[in-house]
Each structure stands twice: as structure tokens, then as C-alpha cells.
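Think of it as A, B, C, D, E and F in the order they're written, each chain with its own count starting at 1.
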Amino acid sequence: MSIMSMSKTLFKNLFHGPFTVQYPIKKKDSYERTRGRIGIDIDDCIFCSMCQRRCPTGAIQVDKAASSWSIERLSCIQCNYCTEVCPKKCLHMENQYTSPSFGKVRDEFIKCTNTQSPSES
Amino acid sequence: MGNRTIVPFGPQHPVLPEPIHLDLVLEDERVVEAIPRIGYIHRGLEKLVEKKDFQQYTFVAERICGICSFMHGMGYCMTIESIMQIEIPERAKFLRTIWAELSRMHSHILWLGLLADAFGFESLFMQSWKIREQILDIFEETTGGRVIFSVCDIGGVRKDISAETLQKIVGILEQVDKELKELTEVFLKDTSVKSRTKGVGVLSKQAAFDLGAVGPMAKASGVELDMRTQGYAAYGKLKFAPIIDTKGDCYARTKVRIKEIFQSIDLIKQCVELIPEGEIKVKVTGNPSGEYFTQIEQPRGEVVYYAKGNGSKFLDRMRVRTPTFANVPALLETLKGCSLADVPILILTIDPCISCTER
Amino acid sequence: MYAISVLILFPIIAALLVRIVKNDSARDMIVRISAVITAAITLTVVFLYFKKGISFNFPHEEIIDYIIAALEGAIALFIIIIGIKNKKYIVSVFSAIQTPLILWFEFSQKHDITVQNGIIFDKLTAIMVLIIGIVGSLICIYSIGYMKWYHYHHEDYPVRKNYFMSILFLFLSAMFGLVLSNNLTWLYFCWEITTLCSFLLIGYTKTKEAKKNSFRALAINLGGGLAFATAIVFIGMNFKTMELSVLINMKPEAMVLIPVFLLSVAALTKSAQLPFSSWLLGAMVAPTPSSALLHSATMVKAGVYLIIRLAPLLGDTSVGRIVTLVGGVTFLACSLMAISQSDAKKILAYSTLANLGLIVICASIGTQESLWAAILLVIFHAVSKSLLFICVGSIEHQIGSRNVEDMDILLDVSRKLSLYMMIGIAGMFLAPFGMLISKWVAMKAFIDSNNIFIVIILAYGSAATLFYWSKWMGKLVSNANVKNHKKQSFRKDEEIPITIHAVLVVASCFGFPLISKYALIPYLTYLFHADALIPIGTSDVKIMLYMLSALLILPLSFIPIYKGDKRRKVPIYMAGENTGDNENFHGSMGVTRKVELRNWYMESYFGVKRLTLWSNLISIGLLCAGIILLIGGIAA
Amino acid sequence: MGQQTIKAISSNELLAEVLHLKNDGYRLVAITCTCKDGMELSYSFDKNYELLNLRINIGLDEDIASISFLYPFAFLYENEIKELFGVNIKDIAVDFNNSLYKIPVKTPFRKEGTE
Amino acid sequence: MKFVKKSPWILHYDGSSCNGCDIEVLACLTPLYDVERFGIINTGNPKHADILLITGSVNEQNIPVVKQLYEQMAEPKVVAAIGICATSGGIFAECYNVVGGVDKVLPVDVYVPGCAARPEAIIDGVVKALAILEEKSKDARKKTGK
Amino acid sequence: MNILMNIGFVIAAPIVGGLLTGVDRVITARMQGRQGPPVLQPFYDVMKLIQKESIEVNSMHRFFVYISMVFAIFATTILITGGDILLAVFALTLGSIFFVLGGYASNSPYSIIGSERELLQIMSYEPMVLLACVGLYYADRSFFVKEIINNSIPAIVYLPGLFIGLVFILTFKLRKSPFDLSMSHHGHQEIVKGITTEYSGRDLAVIEVTHWFEVIFTLTLVYVFFATNAPISRVIAIVICGLVYLLEIVIDNAFARLKWQQAFTSAWIITGTLGIVNLMILSYFR
């Protein structure tokens, strides 16, 4: 017969105080490898379309003519495959995840002369 | 008897994390008949081999199930490697084993929490999941994902774990070990918990074998069935013995799983000691041609992968026989004659992974 | 005096008339008129004698005695013959012993005994007469409508409506006689007639089961009669008296306790207490009006009536203790067993047993408080239970079943009936209603008299009572949306008595302070030669009446007052698989299944078989202990 | 990784073979179907970690007997194959009549005209 | 004052997800993330819920189920699609049995991306949903003329 | 003055009940290592529910919860104003039965199973509650709370056994694990939300407020056991009420939910033994 064997743990917790991470006030540290979202150094991109071909979900679209690289954030599964196959290693995984949105988000990066601006369409 | 109550149970139901449906026929609260209905998670992902090439399919395989994601990826990779006759580096094998065992731990602790929740022990659920977060942290640190790792690749693994991280993991595991021991006291000794698990859903050894049960379900009934003994990945170099219990009730299954968690801790420690330096991946060229059956041991039991390649990028057939699929008949057997309050416990007792089952 | 003779004799005349007239509608009319007249006479008698009471002896006592003796002989002959005919020798044996015994006593021993008051009409009698007269006449009217339907649906039973009705009237007469008689031989004669009526009514359908049950009832009641007869002879020979009132005023000595014990056994059989209860359960095969009248409202009350009369002799004596415990066992066991039943009449039967047990406890404890509770229980139980019985009869008529599980459609079929049914059930156990008030006082009485075990039994029994009534109520309010049932007509002959009954239930609850003040307190004061007090504080009574008034808004739930309210209606929750009609869900194997919702019966805990065995053993043990104690008492 | 045992048999030998294996104490591991040049069914059995596969090749519309009376739990595999591939498996112990998964497309894995 | 912001109750339904997002939704309830801080309770009953969290790409059998659950929720209510499968179908978009994205079946208010969606992202998503919830409750007030 | 004070008590009852529920939630969370909601969370919940749409499955089932609340208030009022304890218990039982009937009226599978379980629970705890009242009467010769708490010796001295039994029963009444069979505050249960499954919006708010009254009611029962005519004892009694409540929270968090068989038998056995033993001893000394 062992009754209330949980109470030891309960009181330990009670006196220890909450283990809760006070998100969003305080964020939990992310790790170096944390997979958030795909970022691109658009300047280095050569628009080879390798990432587009290998992406399992077809989230990435590359338009060589318009020198634009775009990604459907709501389709990306953060598998990291594109960064592996990228011949120029201009794709990389950022720690910050895509924040929730009210509609579909397509992030487009255009390689212009000296300027790069992410714009939403 | 005319006094039969017929109620639907699921697909949406607070005790069911995943949709499955049962038509329950009750007398008072005793279950007279339980007829299952599945298909709420069937996606048809085996058909995807025709659209994704065998390399991309690794990511599909990982998403067969989010809990044993790594093992699915590993099983798939092993099958393709066998077809293509690729020998992967030793270090990759050890890394796979470490991740696999961590996955097993995370899965079992998760299961413990859900079990506690099923018998209305909320604080125990919270405590289990609190411990589990430490393992998820290891995952995030080593692979970048909390749930889905995307580290397994045909020909090896994508990411290495440094020696100091390995030591850190051992440190965390020691802490987990300590906290788990406290929890084990409650799961295995507390009277109120025992009253809900002991003698509930008894499955005899013969029944377990006849119904084709696998994993902890079979082990708790005394059927020795642990694919790790076949020595895939690095298991051949580790010392362990399958954990068996004979009672065949929910309590025995809880015990088997808890013991497996501690066994996993031990296996990981062995791996950390034995892991050799070296490459983590070999380059894969060509396309698979041929067929192969792979059996590996997931947290829920034996899983069978079958792949058939035809020399092109796309496989002809890829099939997974998951443990839950094999355990469903055993579940239906145990449901007969239990009481309504036991239904969630019994459903959990096979540690159901419906998304595995239906793919 | 004449009024009382009329009261006893009029139902006999009505019975004869009903028996003779063959034409259906003419007979129905006679029944209605006679019933109304019976009620009117009842009220007149009570009005005349309530204040002062009356006690007298008929001038031609001798003649009456001879007539009674002749009739007794005839009845005995009849019982012996049918007993032999149907190979139920036990009834023949019982009858063959007791009637000669009584006749022998009558003709050889009785000469030197003079009876002062053959008839006594006091406050208790008034209450009993009122119950019998009012409830009885209502049920007679009800049975007109009921029997029509009964034979319409059970074509295989022989139609003997005139027979049925005439026995009902005959029974009323016997019952009046029973409660009015002070002369024990007369009381015994009426007692035997009620037994006979009950036997005849249970066997009404002439089916095999009916026959079996009727003989069981006869055998057990004759057994009780035998005890009664022995008691009379014992009293007559030892104390040279024939009067109940004289017996009561004696001191509870060992010698007195022997006839008291025998009379108590007779009362226990009549009230179907354990271990004699099986006959009442079997009696449920009889048509519902007879169940309502004989087997819940009046005849079984004869037993507890006798115990209430004997109360001053019970109290602290060993016999009193034994009777109390037998009542306790019956109350608890039957309350528990009722949980496992789904047949409405069976539930009512078990509940009747339990409540009779409670009355027996209260009466046998014999303090002022407990008698107060006992008499109130008799009143409330009579009106509520007969309402429930006749409601069940009509429900059976409306939905074609008397299984509680089928009553979930009643709300759609007949709102009126479900409302009356709810009133009846509420009357049986809910807070401000009569039964609960009495239970409360009973509880207080038990504590005051230091009966710890009985208090605990009461606590458990009440909890069980609450369970089975509430689940029945639940069925009544559950809104099953079966729309395709056909509505039956609700005959006036059924509706009027039910309505009056329902009003009576509520009125009795509102009126209990009055009953207490004008009938119970004077009676108890007279009986105990000490001032009796109402056991509940005035403030509590007030609060309770407020509660009752609050409950009267309950019927509002039956009226769709929210029609104007524009709330969105959504399908009920069925885990996402409701087909939309709130009745079916998409089940496994591609079929659409109907949701079925049934109550709990908990066979493994409250199964009748096991409980009956144990409780019978205990009560038999108690009675044996009683005998031993008595013998010991005499020896000492 | 060694070579695996795949034993090709004809469809009418199936029951006899399965019965034989059952008596030998084999456990049914899986039933797999591949649709390529007709239907290719593999029945995988296991005893002491030894995997044994029975291979049957049948035409697209050929019948095949159910083994669910030998291995009751085979009904799940067989129902699945019946629903996804459209293989005519006769006399399944618990036949869901193609409503195991309730999919909107009929027999998605069946490739017509590959025969 | 709109109290709905202070006590949003959620209903979680798994419309054919791989479990990854489900366990992350559950993880939100556990000590480390503890969404009860915001008054969030996982009710498991549509009639009590304010926010419907759907994970997974919704397959054929689930369509009537999620529709019914949505219908059974009391106004004001919002739907949040958790995870890539629920937002777009993700890697399973091409499967024969999935509709691909909850928005094909229900009006989705908030999309929470991630494979699997991280607990932080889910909390963010719920917080965003609260804003919509408040707006909807204002609209509902206007309609009834209160 | 007295009447005003009584009215004040009755108004304060739900507020205190709500606060206690809030404290309960915070402490529970802390015991589980969580931060937990704000203390006022129960009030937020109820306010939200009032502002929400109320949907229904048929026109009858919501009626019962309102009556249930009326009787809960009624019972609490009787108790707090020093009225007859037995009458208060009866009134509360009446309220509970209406609540059960509400579950039946919705005719929904889980509501009805919840109702059955609730009835079973009522059957399980009712004997103990009655015996507690009996014990109080036995000890102080009065059913009136105002007389019981004006004695010089606290009732607990005579009735330790019954008090332990009562604390056991409180677990049912407060809907705490291990006896939260019919309707649990934690969502994950095999019968969904039991009786409340079909209620939403305002009706659900009413159920919640009813529960607050029940909390106060049950704690008042505890109070009655300790209070005497000495003012200090009143304070002690209130402190003990708090401790009992804390104990219930710990019990809630340290037990698995039991099955109805275990709940029922344990309740009846404990009631039987403690009741008989305590009352027997008491009757011996009286």
C-alpha cells in the first residue's frame, strides 16, 4: 500500500517554483543547429534552380530571368535539403522560425544591382 | 440483455490525441463490444514514391510519424542501403543508435505521460512531460529539430555530434535517470495507479503470439521479440537483453516500457564510450534496383520496411508495416469486457500511432 | 353509527350490482356512480366523526358473528378445494387449520367474553378511511378506462371485467371493516377477505404465471392469517378479551408479548416484509389498478396499520426490536434491489416493500416522533405510490411498454403523463415532498431513541432510493427525438383520476402541517397520555413550503417557453460523427448506427438473486431470534 | 546484410504453404502487395528472427484466397490490399467491403495496363 | 471589456497529421510552456472551445468531422491551422487522400508554420488568434445590436 | 443588522468560492511545476462564458442548471444563516439531482453517462453526509447550525471519525481526483466533460458558479465541526477549512482517477465503518 507517493514530487515542485519559460517575455535560448527558416544570401545566388528541383514540397521557386528566388513559407518543412544541395552555399538555416500569419506568405528575394529587399506579394 | 448502451468513441475525443473511432457497446460501463474504424489519418504516402525520388523520400519517411520520426527515416535509409549494398561508416551507425535510443526514451516518457493522463493523474502527466523536455533539448541541440530531425540520410547521417556534446548528453541523461526513478516509484508502486493498471487488459502469451502483437505489447506478455538483438546499426556491439514480463496486463506493459527507458540510457552510455572517430557519411551514386525487407525495433515494436527499386530515381514500391498495425488486433482483444474507464488506458496500452498505422 | 354501517355495506352492494350487470356501458356508469358515492360517504363519515371519534358495538353482535362464522367456513371450504384442485396443498393445510381453530374458539370459548366496542373510529381510523375511500374510489374509476385497453391489447386473456370491478368494491368494503374493527375476530375476518381478494385479483388473467403467483400470495398470507388466528385464540383464552384497544393498554409483559409477536408476524406477511416479500413481487402480474389499490396503497398498509396500533406494546420490548430490525433489513435490501430493476412495476414493488419496511421500523420503535413519521409515511406513500402505479398503467397503454428504458419517448408522447409521473416520483424522495419530510422525522426519531444501526440503514437506503428514482426521472426528461411513434388517446376515465391523484400528492405535501396539527398530534397525545409536539420546527416547515412552491415552477420546463428565444441549435456532441439527426452516428464498417442510451443496473452489486438470499436469511434469523427471546422471556 | 529468402509459389499453393508455416510456429509479419506487371504479393513470416517470404504473382483480376482463417489478424492486411490495390481476396474473416480507409479514389495503387 | 482574451479555451483536432504537431500542441500545456498562464485550457469539447487548433492536412474522412466540430463551437470562434500540413498540405499535398490545407474546408484565421510547429510558434499563433477573437466578438455584438 | 450580515455572507459566498477555485488552480499548477493562471482566472472564465453565445441542443436541458443553481444558493443560504443543516443538505441534494436531470435532458451520450456517474457519486457520498448531520445532532442535540456552533465544546471532539469520513467525501463534492468520475476539471476524460458536455456560454457559467457555492457549502460543513462559542475557535475553524482545502488539492494531484466500482465501495465502506464506530462510541457515552 503506497498512497500519495506523488506528494513528495509535488511539494518539491511547489517550493522550487515554476519551471515555465516566460515566453513571450523571455525566450528560450536557441541552439546553433536550431532549424527555424531558410534564409538566402541572394547576392551569392546563381539561380541554378537546384534547390527548387530538390525541395520535397516544392516551396522554392527560382526565376533566373527575373533573378528572383522565392519561398512559400507555409510550405517549407525546414528539412534543410536545399542548403545541402546548394552549390554556392548561399542558402542557410536561420534560428528564428517563421511567425504565424493571417494568410499565405511568399517571401521573395530579388537580386538587383546592389540592393536586396524582401518583399511580400 | 436489453440494457445496452451504444456510444461513439472518437474520432474527436479529449483522451485521444489522434483520431480513431470505436463503436462501443456497453452494459452499465462494461464494454461488450468494440468495433474500430480507422482511416482518419490515411494519407496514402506510400504512393508518393512515384512523385518524390528516393532521396527526397527520406523526408516523407520521417514524417510517417512524428514520434518515432527518426526511426522511420533510419529504417527507410537502411532498406535503400541494403538494396544498393552500401556499407555506412561505423560512426554513423553509432550516431544512429544514439538518436534511435533517445527517440525511444522520448517516446516512452511521452507515453507514460499520456497514460497518466488517461487515468486522470494530471500532475504525473505534467511531470513526465517536464522530464521529456530535456531529451527534446538534446534533439534540438544535436539535430536542430525538436520533433523531426532530418539527420538521417542514405549513406549515413547528416550531422555529427561532437565529443563534448556527447558528454553533455550523458550528463543530462544522468539527471533524467534520477528524475525518472522518482517517477517510477509512482508508476509502479502507487496504490491508486496500480488499481488502474494491474489486471487490466490481460493478454496471455499465447494470445499475444496468435494475434501477432509486437513490441512492448508482446514483451509484456512474455513473447521475446526485439529486433535490436539482430544487431542492425551499432546494436551488435552493445550489451543488452530484451526486457520481458509475463503478466500481460497494463501494469506489465508500463513496467516493460519504464525498464526500456533505463535500458536506453545504458545503451546510449555504451555508445558514447564505444563511438569511433571517422566519417559520418559515404557518397551515394546510382539508383536502387532490387528489393529488400528490413525489420527494426521502434519504441512501439517491430517495424517492417519493404522497398523495391527498378533502377530509376523513383521506387516501384515502398511499404511500411508499422507496429501499431500489428497491435490493433491485440487491442481489440483486450477491449472486450473491460470497463469504459479502461478504454483510454487500453487504447494507450499499445501506444497507438495511428499516423504510422494508416500512413 | 348508521353512516359507518353504510360505509361498510355500500361497497358490497356496489360489488353485487357490478357483478350482475352484463352491459359494458351500463356497468361502467354504475362503477363511476358507486365510486363517487363511496367517496362521498367516506367524506361524510369523516366529517361526522372526525372531531370526537366514535366507538360502539352493533346491536346484533351475535347475528353478525354467526354470519361471519358461516362466511369464514365457506371461504375455508373454497380455499381447501381450490388448493387440492391445483395441487397447492399448503394453502389447504393452512386454511384447514386456522378456520376450524377460529370456529372452535368462536363456539366453545367465546361465550364469557363480552365485547364493549366492536367498532372504534378515532383519528388514525379517520386517516385510513380517507385513504381507502378516496384512493380506492379514484382507482375504481381509473380501472374502467384501464381495463378496456387491457383487454384490447391482451386478447388472449378472458374478459372478466365485471368480476374484476366487483372484487375491487368488495375489497374496499373489507378494508373499511378492517380499519374500523376493534373486535379482533371481525378484524381477522376482514383480514382474510382482503387476502382472498388479493388472491383472486392476482390470478385474474388465469395464465400459468398468474396462477403460480396468486397461490404464493395466498399461501403466505394464509400463513400470516394462521398466526393471527392463533393470536386471537391466545388472547381470548388468556386475557378474556377480544378487543384490540384493551390489548394495547396492557403492560408489555412476556405473556402479552406472545400474541403481539404473532400479530406482528401476521402484519409482516401482509406488509410483505422480508422474508415474506416474494408474494408482493409476484403480485405485479395482476392488472395495474389492483396493484395500485391492493399492493401499494391500501391492503399492504393493513399490516403496518396493525403494527401502528400495536406500537405502545412494541417500543423497547424484544418483539419491538425484532420487528424494527426486520423492517430495517427489508428497507435496505429492497432499496438496493430496486436499482437492478428496469421493469417499472417491479421498481414500484421494491420501493413499496422498502417503504413499508420504513413504516414498520417507525411504528415498531413506538415513540411519539416515530409514530408521527409512520402515519405520515402511510399517507404520503399511499397517494404517491398509487399515482405512480396508475401512471405506469397509462404509460404502458401509451407507449406499449412498462420498461423504464422505453420511457425516454414519453415526453413526446404525452407531456401530461410525464409531468404526473415526475410529481409522483418527486413525491417519493425529493426534498420538500412528503416522503422526505417523514424520513427526516424518522431519522430524528431513530437518533432520539438511540437506534444507531437503523440510522445507518436509513442513510444507506435513502441513498439507494435516490439513485433509482433519479435515474427513472432522468429517463423521463431525456428528450429522445423519436418522432414516429403513434399517439394513443388518453381516456377521461384514466386522466381524471390521475390528475386528482397528482393534485392530492401536492396538496398532501402542502397540507401536512394541518394533518399534523389536527389529526396526528391529538391522536399521539391521546395515545401516549402526554403532549405531543410536531417534530419539525416551524421555521423549517416554512422553508420547506417555500421550497415546494419553488418546485412548482418545475412544470415550466415542460412548456416550451423559450420559443421566442433565438438560440442556435446544434447537433449533440458525438465525437464529431453525429449524422445530424442527434440519433445516429457514422459507425464502423461503413454503417450508420443508432446511439442507444441505457441506465445503469449494476447487476453485480445489486443483483436480486444474491441480495434476496442474504436478506431472507438474515430476516429469518431475526424472526427465529425473536421466538427464542420470547420463550426465554416466559421462562424467565 | 545478407540475401533474403523469397520463395515463389503459385496462388493455389498458398493455403497449404501457410498452414505448413503456421504449424511450424511461424508468425505472420506482413503481407505486401506491389502492382507491377500484375499483382505481386509477398507474405512475410518470421520464426526466431528468420524472415521467410512467400511470393505470389497473379494477374490483375485474378482471385486469391484469404489466409485470415489461419491468421485471424491478417484481415487488416487483406482489407488494406483489397481496398488500395483492388486484389480480389475472397472470404476475409472481417470484410470491411472497401471501407477501411474510405478513400475518395478507387484502388489508387492499381496501375491499369501494366500487365 | 472582452474577457474572451483572458480565457481562450482551445479544442485540438488532429486531421491526419504525423503526430509531430500534436505532441507540440500538448507540450504547450506542460510545465515548460504552460499556456494556462494565459487562461488557456485544452477543453477537448467543441461546445466549450473558442479556438479550434487543427493539425494535419485533413483527409477525406475528416472533412465532415472538422465541419461538425466547427459548427458545434459557440460564437465567437477562430480556427488556427498548426503546422505545414495544416497550412498547405506540406509534403503530403500530392497524396491522393488529403485535401491539402485546412483552408480548403474551414475558414482559417491564423496559420502557424513549422514542421513541426514549435511550441513558441503555437503560443504566438494563439495570441494572434485572440486579436481576431476579440474583433469577432465585437462584430457579433454589433449584429445583435447590443 | 443580522439580516444584513446574512445577506452579505450570501453575496460573499460565490466570490470567496471563485477565489478559492482560482487559488486551487494556481497551487495545482505550482505543484505540477507550472506557473499557472492568474488567481482571478475563474472570474475571467465565467465573464467570458457570459459574453459568449449560448448554443443548445434542445429547449429543455438548460432549464435544469438554473434550478440547480437556485437550490445551491438556497442550501448555502440556509447553512450560512445558521439554519437547519439537514434541510440544507436536502436542498443541495435536490440541486444536484436537477443538475443530473439536466444531463439526462440533453440526451447526448456522454452527458447521460456523466449523469449516471454523478448519480452514483451522489449515492456514494450521501450516506456519509447524512451521518455527519446525524452525528452533529447526536453531539449537540440540534440540527441548527447556529446552535451547534454556539456550544462550548467543538463537535470534532465527539465526532473525529465522522469528520475524517466527511473529508473523504468532500473529494466527491469538490470534484477532485480520485473521485472526479462524472465531470473533471481537467479536460482529459473518457466521458469528455460529463454532464456539462452539451452546455455552453451562459449555462456553463451558471454551472461554474453553482460549483463555487458548493465549495463554500462543503467548507462550511467543515467549519461547523470546529466552531464553538469562543471567538478564537472561529478563526481556527476557518484556518482548518483552508487546510482541508489544501489537503484536497494535494489529494487531487496525488491520485489516479478511480473506477466507479472502487469509488462506490470505498465510500460506502468508509462511511459504514467510521459512521458505526463513531456513533456507537458516542451512544455509549451518552
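Heads up, the rule we're going with is that a residue touches a chain if its C-beta (ideal position, glycine included) is under 8 Å from a C-beta of that chain, and two chains touch if they have at least 3 such contacts.
Predicted model, so just to flag it, every value in this text is computed and none were measured.
If you take chain A and chain E together, the chains in touch with both are B, F.
Touching chain A and chain C together: B, E, F. The pair of chains sharing the greatest count of C-beta contacts is C-F. In this view the innermost chain, defined by its CA centroid being closest to the centroid of all protein CA atoms, is F. For chain D, the chain with the farthest CA centroid is C.
Of all chains, C has its CA centroid at the greatest distance from the CA centroid of chain B.
Centre to centre, using the average C-alpha position, chain B and chain D are separated by 25 Å. Taking each chain's centre as the average of its CA atoms, chain D and chain E sit 40 Å apart. Computed from the mean C-alpha positions, the centre of chain B lies at a distance of 43 Å from the centre of chain F. Distance between chain centres (mean CA atoms), chain A to chain B: 27 Å. Counting partners per residue, chain C has 568, 570-571, 573-577, 589, 595, 597, 599-600 as the residues that reach two or more other chains.
Looking at chain E, one finds that residues 13, 30-32, 34, 37, 42-47, 61, 65, 69, 72, 75, 90-91, 96-97, 115, 118 touch two or more other chains. Each of residues 3-6, 10, 13, 18-20, 56, 77-79 in chain A touches at least two other chains. Of all possible chain pairs, the ones that touch are A-B, A-E, A-F, B-C, B-D, B-E, B-F, C-D, C-E, C-F, D-E, E-F.
For chain B in complex with chain F, the touching residues are 5, 7-8, 13-15, 29, 116-124, 126-127, 130, 190, 192-193, 195-196, 339-344.
On the side of chain A, the complex with chain E involves touching residues 18-21, 23-24, 27-28, 56-57, 72-79, 97-105. Note for the complex: chain D touches chain C at residues 96-97, 99, 102. The part of chain F that touches chain A in the complex is made up of residues 27, 29-36, 250-251, 253-255.
Interface of chain C with chain F (complex): residues 408, 430-432, 436, 440, 443-444, 447, 450, 452-453, 455-456, 458-460, 462-464, 466-467, 470-471, 473-475, 477-481, 537, 539-540, 543-544, 547, 550, 553-554, 556-557, 560, 562-563, 567-575, 582, 595, 597, 599-600, 605.
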